[in-house]
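Following this line, the structures themselves.
Next come two complexes built around chain A: one with chain B, the other with chain C.
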Partner chain A sequence: MDDNLIKEKESSVQTSTNNVNNDEVWEIIDKEDDEDLRNLSAAVYAFILLVIGIPLWWRMTEVQRHPLPYSQISQLGNMDVTIATDIFVYTKNVSKTEQIIQQLHTTFNSTMFNINAQSSTIKNLDDTLDKLETIVISPLGSLHLIETNSVDNITAGLNRNVYFSPSTNIQLLMATLKRLLQIDALSDSMISMLSPGKHSDDPQIVAERQRRVRPSSNYNVLLTVVNPEPDKLHLSWEPEIPLNRYLQPLLNQLELIADFSVQSQWLYLIDLVQKPVNLNSSFVLDKNQAQYIITPLEKKLGSGVSQNPCIHFVIYVTPCSYIPLFFHENNQLTIAMMSARWGGVQFLNADKLSCNNDSISFVPDDLSIMSPIITQFHALIGVPDMTKHVSLMPLKSSTLRMWQLDSMYRLKIIEQYTNARITLTSLSRLLGEISNIVIIEEVGKAVTESVEAATKVLEYLKIGKLDAALEYSKLAFETSEFAFTHPSLLALLYFPDDQKYAVYIPLFLPVMIPVLMSLKGVKKWIQFKYQL
Partner chain B sequence: MKCLCCLLLAVAVSTVHARSESYSEELFVKPLATGFVYSFFQFTVVREGGSFSHSDLVPHSLGDIIDRFRVAELHIDLTSGLWRHKSWGYPAVDAPSGAEISARFHNDTQDVNKNWYGLTNALSGLLCTSLNFINSANSYESSADRFYRYSNLPRENVCTENLTPWKKLLPCDSTRGLSSLLNSGRVHNANYHSLGIHFRPLCNNTSKSSKYELRQTVSLVYDSVFISANNKNYDWSLRKMFGTGLFRTCPLADYSKIYIDTSANNSVPYVLSQNPDYFLKENIAVYNLNGIFHLSAVMPRPKVVVSDLKPILYTDRFITGFGQEYGGLVTRIYNEHRLPVIVTVIENIPWFLPIYYHTLRVTSNGVCVMPKALIYKPGKGRMQIYYLEIVLELPSHSITEISVQFDYVFLKWQEYPPDANHGFYIGSAIVKASIPRNSTSLTFDKSLIIDNLNSSDSSDSDYLIILKTENFIITLPTPDFSMPYNVICLACTVVALAFGPIHNITTKRLKLTTAKYVPGLASVVQKSYLWLENMVCYKNANKVGKATSVRVFTPEELSYHPTLGHVSEEFMKNQVACKES
Partner chain C sequence: MKYFVLISLFVFTIILKAFECQANHSNNWAVLVDTSRFWFNYRHVANVLSIYRSVKRLGIPDSQIILMVADDMACNPRNPSPATVFNNADQQLNVYGDDVEVDFRGYEVTVENFVRLLTGRLPPDTPRSKQLLTDEGSNILIYLTGHGGDGFLKFQDSEEVTSQELADALEQMWQKRRYHEIFFMIDTCQASSMYEKFYSPNILAMASSLVGEDSLSHHVDPAIGVYIIDRYTFYALKFLENVKLKSRISMKSFLGVCPKQDCISTVGVRTDLFHRDPAKVPITDFFGSVRPVELTFDFLDISHMPML
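And then the complex of A and B:
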């Protein structure tokens, strides 16, 4: 026992005394050891996790984003809109023609119009206006200036002709042309959309713009007849017939701009919430009270199925106790009121005879009901009111004059193009700011298509093809709206990045710490291996 | 001149087009045998012409939906409560509890499914119901008609938010006429209430133009004992049932009538507060409404309940089996007629209740019966229901039982509804049969109630009845819903725990080195550990009761030990002595 103990002690003393030798022994063991293998495996761990694992994880948790033409979208903002327009000038005097052409070029030089003025080829000069209307046919988008003795001042025809008397001042003619081509209205609608708050100086143009319904390629037109007292007053009227007769031709003319679906309904027993004032045996409501008539109606008007904007026309049959009822506006009594971007309300005053009389039913006059509706419809879709600036040849039906239709086209093209451009720009900005937005292939394609269509709009405007430009502007508008409002954009918005990390950190942190720590040893080993 | 011509023409045309819509309001009240009072409201618009873009009495919102989705026929019922066929007879409109919708589309419809989902979505907005939850997994198309779709949502709660938009569809809203009786507070007090919208084309042989009928119906069953707060009588009155009387009729209605079925008067004589305008078929009292109207009935409680005319066909449905492994579904059809009756039974079982077709048994009074026809479309998980259509001939005075076994399945965790432990509702089966007209007291297959009541057609011609069975609830295996998060956490921990040692073993090696004093944190920890140990020892010693003298060293007395740090000289000496000895 003692011997053993002593031997052990001797050896322990030996080890303690031979410390230096011991370290050498360990170093030898270390070198014989599978050090290469261990360091290699540490390096492989690091390689798999850092080089393969993390990029793979990153790729897999990445938000799906179809590539978008960002550069083209930003280019759209730099491109100018130029509308090529032919203007044919006819005067009896060649030098005057030249002078007008010259004047045209200088006047329209700095606008978005690129005027291609030329002298007209027509020969007959002493015809009446009606004859001229039928003879002179100009292509879409152009105008014909004709000097004739049949008019006293500047008169716009039913087609694309503008007549002026020989004594007309050229500057006045130019100002009128500016109005007819809606230079201010076009730039105003563009400016107000691109930089909200800015607008034209002309209050009429601003008011007209604010009245227009929001751009869309489909509209519903809903005529509502409200009869609050069906027990007292019988009405014999079918709205379908006057709508087809007076409104439908106009809608057919506008078919390139948008599709309108016309509907009508009757509502009963809805009280006129406002109490009219009795004024010389007629009843009067202030025009500001129209909104209080509309609001209770509103909840019963729409169907809610259609996504398209709806233009409402309400015909409120006056209750027997308030006949005749008018709106009071600017010291005038009217039966119709327009509500901007919404539609119009008008009172239908029945004759006193049919009130409380079961045997007689009141038959309203179609034309007197429809004419305010048509006027309101013009204002709502954006037909400019030119009566202050130029005398117009009277219309034979409810359809638009050709030059009016042209300016409607231009307005819609500009409106839809600008809208598409704004939508695309904000979409691309939004995507830049919020990294969680998903862009599926469908949306990506729609954006590309929209950008291409918007570029085509500019190209066609440059060569003056209004119909093609309108078609493409509609396409650009629709596809950009489709892309911007696609529900898939919102798919991942509720899952922010920090939550993503919170889920993965319990896994990554314990795994990464040993791997990263081992990198130090690996580095040393590499240095030892290749430098010594 | 031109204008005047236009005007004249317009006048001429408008007079030619007389109003092509007619509207009527009717209320049918029938005291039921066991003290319940059944009241059935019907608001009917009959219209000529197919398009609804210009409508007068048909609500524009509904007309727009019908037009847009090319609907030829539409039936919606929103019901709460169960109609008891055995004691109450047949209702005017049979509806299962919950929401039920069926539609037939025009024959030229391109994509029927798209229209069907569009329709249900639009209607869910219109009526504030959850019809938008209808998808391919809970609707079926008829085996005979490609353009027909049916679905029911048995879990749907019917409440005021459905009644209000429903009333808005009426031409007089709820301001005038019979609809002013429908106060949401009272309606939802009823033992059974069902709102319905029924749109269908009418067969019309006389004229070529198409005719459509839109009926809005309300069925209410009140317990007269409950509403009269009197246990002895079966009294009822309009005010007790609806909380109000009638004040003004709807000026747009061609008819505004109330009918009271007094056929129970033979067994239980009762008194109506007003004399009717006239009687139809001797026992139906008819009141023409104009102006203020109130009606009440005094009705003593009968000593013996005599049911007037027992229904010849009624159903029962229940589930069998126990636990959550196997279950069975039994539908019983009772035929009390003296003749055999041919019925069609349609079972629509959701995909999460897979049935075993080979276990399908049809027995009648204990004897196996061969179905006359059988159509079975197996379901598909998450895609399609199990559709079973059986045509049977029920022997006279028989009880026929259709039974089939099913499995309970596990769902994906996202497929469970909120409150999953409440269970899953299984919709009703449909039993269709043609019964002789004279075997039921009332028939309701014509547009107006009065035409139905007036029909002298008491011959043996057939009357189609559609019975809806009970719904039931089953409990599917329900998981713990915090499980996914727990699994993520647990899996991460396990992976992390496993990874550390594996990484260490493969990249590091244990090696023996001599201990060195490391100044800093390690030594401090070590010292505090020793100090703690001393404390514990001291305490233990105290406990035993031995007082050990502890000597406190001054720093000068302490010397340095390679592993323990500063220790007393005495300790060092001992150590050295140990080594040396």
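And then the complex of A and C:
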């Protein structure tokens, strides 16, 4: 027992002496290392904050900006558009051929076109026009000028031939060629887009441009049949058949330019709002009244399911009490009218027998419905009206003549290229000015792709390859639109720099102040250490 | 010689006139925004619906009107007559109407969505009716109402759009050829500060008050219990109610709406960016929709089966 007690006492004494020793030791260590430890830890804090923390914070709050080809974009503005075009000339007289070739070079010298005129290799063309049309085949984008006795004045063929009589004035021929190649229309569409307000002096060209639907690579065509009195008049018509027969071949021809999706719908019991006037036993709507019928109709047509521009065609079945109904302007009557960039409206006048007669349903004539639609469709997509400037060989089809299709290609190339150029220039200026705009990799790549495609458009135009140029212009247009309208561009716009500091400074400042203040002590300590 | 100069001048003016006519727009759009919520801001909803009612009556289809309303007053439990919003105490004109198509509502009304809408940078899955699909032929009416101050307009009590941001958004629209002309209208305190920073062409701007002035509300409906419309919009609506689609009222007479004795604040107008004379611009160029038409007389002969 005693032993145990003693041992306990001893151990307690021992521990007490140990405690005393430990405290003393620690005090000594503290005194020795106090300065070192404190300064070392302050230095470590400062190192972590300044060397690791700040760069990391800087890196993480940096706006993500994929590099963009700024210099290439600004170069686009300095590059001229030249379209290489082959023109083959055939006359019976070699010196006249030479004269025309010479004249072609001087006429087109200062234009967008780089004309490569040469005498045609085809000999002895004394055939009829129909025969010539089948024999002379020229490649895409070119024209063949053929002197022949079969025409009285300048006549444009169905393919790429332009016929003229031996007596044709060469200057007149040149003026007509300028029209056919659409020199004014192309430069007008470029100028008007690059600097709004400027335009061609020719009102027809300006009107045609303003009528064209806005550039897009997909369009919807919506045919609406409106029968305001289904109880009085029964209409038996299937729009699918005439649409397939007359419109589809044209759309197939335009497939490189854009995709058109065609739909049709029926609407009933829609009033015309405007009241027609009785004029010599028929009813008429004046042009001034006609402009007010589209908007009420438009409300009922539906806005469409896609974002693509929609071309509307409305067939309004005339109410029985107003048969026959026409549009009227300057003592001329017609059944159809059109609105720029929107579409067309036409009246379908049923015969009075089918009115209020349950047993007879009215069967309209496909051709007479479709010919206004095709005419208006041509105008809306931008096929120029050449009838005032040149006589045309009758085609009797909804499709385009080959030279018309070439013109459409050129127009679309210029339109899409110019659009892409404007979009890219505007985007690069915007991104240069506002540093908070995010450029993710996807957008950066789209911009680069678009610039490259736009440059390729110019290259292919220079060697006259319209199909390749069209393909690249479409690509340039689509990718530039994609980049400009990408939602990610605005992701950080509402987190400006001042807000960035407002968020981070209350977080970091309380930590930073003691660390920064201790730096002075650390400096002294280091000097003291190294002096020893 | 004198006659020659006179005649050539005459011809020149005729040509100029002809071009003036050609430089027409091809379609009309309206962006109508109410930025404030809560029951006591009933009047802002009434403001925006008044303009909505007018442009719709004058022919802009719903598909071309973007309506942003930050709160739903018609269905608010405090509304004594549900599904109505009145602009006057007599409850004669229900501006809510029978068919209101609100495109952005409640908390969707944000500065970001507004700027996205203007610049066309909405997410790709946004429905067509919520997009501003304008082109270089579009005339746009932009109407904003809410609480503002010098250089900003408050959205939803939590954020604001500054006049610089708005000016930049409009410049982006101009560069992307997203409009032909804009009529900018704003009913808020110190409203004119919002259009002072604009620098893009073809914008006609009008504000309910100058910098340093408050825009005041018109009157209280005791049955509803709050102010029900602002002065400026009340008189603008009164003016617009008399406009018919075919009437030849010019923008100039609209710019004179709500003189100081009615409004108490001074209505501000900015015309230096606009290239046409407001006296020659019909009010339907912005508030209505009259599409230009041309009659088609000569049809193509398509009688043959096309070659396939």
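Keep this in mind: the second predicted complex is superposed on the first by the 439 of 532 C-alpha atoms of A that agree within 3 Å, B and C clash if a C-alpha of one lies under 4 Å from a C-alpha of the other, contacts with A are read in each partner's own complex, and residues count from 1 in each chain.
Definition applied: a residue touches a chain if its C-beta (ideal position, glycine included) is under 8 Å from a C-beta of that chain, and two chains touch if they have at least 3 such contacts.
Values in this document were obtained by computation on a predicted structure and should not be read as measured data.
Trainee: Tell me which partner touches more residues of chain A in the superposed arrangement, chain B or chain C.
Mentor: Counting contacted residues of chain A, the larger count belongs to C.
Trainee: Looking at A:Y501, would you say it contacts chain B, chain C, both, or neither? Reply first, second, both or neither.
Mentor: After superposition on chain A, A:Y501 lies in contact with neither partner.
Trainee: Should A:S41 be classified as contacting the first partner (chain B), the second (chain C), both, or neither?
Mentor: A:S41: touches chain B, not chain C.
Trainee: By the touch definition at the top of the document, which applies to A:L367: first (chain B), second (chain C), both, or neither?
Mentor: Both chain B and chain C are touched by A:L367.
Trainee: In the overlaid three-chain picture, which partner chain does A:S306 touch, first (chain B) or second (chain C), both, or neither?
Mentor: In the superposed model, A:S306 contacts both chain B and chain C.
Trainee: Once the structures are superposed on A, label A:Q332 by its partner contacts, choosing first (chain B), second (chain C), both or neither.
Mentor: Second partner only, chain C.
Trainee: Going by the contact rule set out at the top, does A:I241 touch chain B (first), chain C (second), both, or neither?
Mentor: After superposition on chain A, A:I241 lies in contact with chain B alone.
Trainee: Would you sort A:F528 into first (chain B), second (chain C), both or neither based on which partner it touches?
Mentor: neither
Trainee: In the superposed view, which residues of chain A touch chain B and also chain C?
Mentor: Looking at chain A, the two contact sets intersect at 245, 302-306, 367.
Trainee: Could you list, by residue number, the parts of chain A that touch chain C in their complex?
Mentor: 193, 196-197, 203, 206-207, 210, 214, 245-246, 249-250, 252, 287, 290-292, 294-296, 298-299, 302-307, 327, 329, 332, 334, 336-342, 344, 367, 370-372, 374-376, 378-379, 387, 394-399, 422-423, 426, 429-430, 434, 484-487, 489-490, 493-494
Trainee: Sort out for me which residues of chain C touch chain A in the complex.
Mentor: Residue list for chain C touching chain A: 18, 22-24, 26-27, 59-63, 111-112, 115-116, 119-124, 128-129, 131, 133, 135-137, 159, 168, 172, 175-177, 201, 245-246, 275, 288-308.
Trainee: Please give the residue numbers of chain B that touch chain A in the complex, ascending.
Mentor: These residues of chain B touch chain A: 3, 6-7, 10-11, 13-15, 17, 53-57, 59-65, 68, 122, 125-126, 168, 171-173, 175-176, 251-252, 488-489, 492-493, 495-497, 499-500, 503-504, 506-509, 511-514, 579.
Trainee: Touching residues of chain A toward chain B in the complex: what are they?
Mentor: Interface residues on chain A, with respect to chain B: 9, 13, 19, 22, 26, 29-30, 33-34, 38-39, 41-42, 45, 222, 230-231, 236-243, 245, 261-266, 268-269, 300, 302-306, 363, 365-367, 503, 506-507, 509-511, 514-515, 518, 521.
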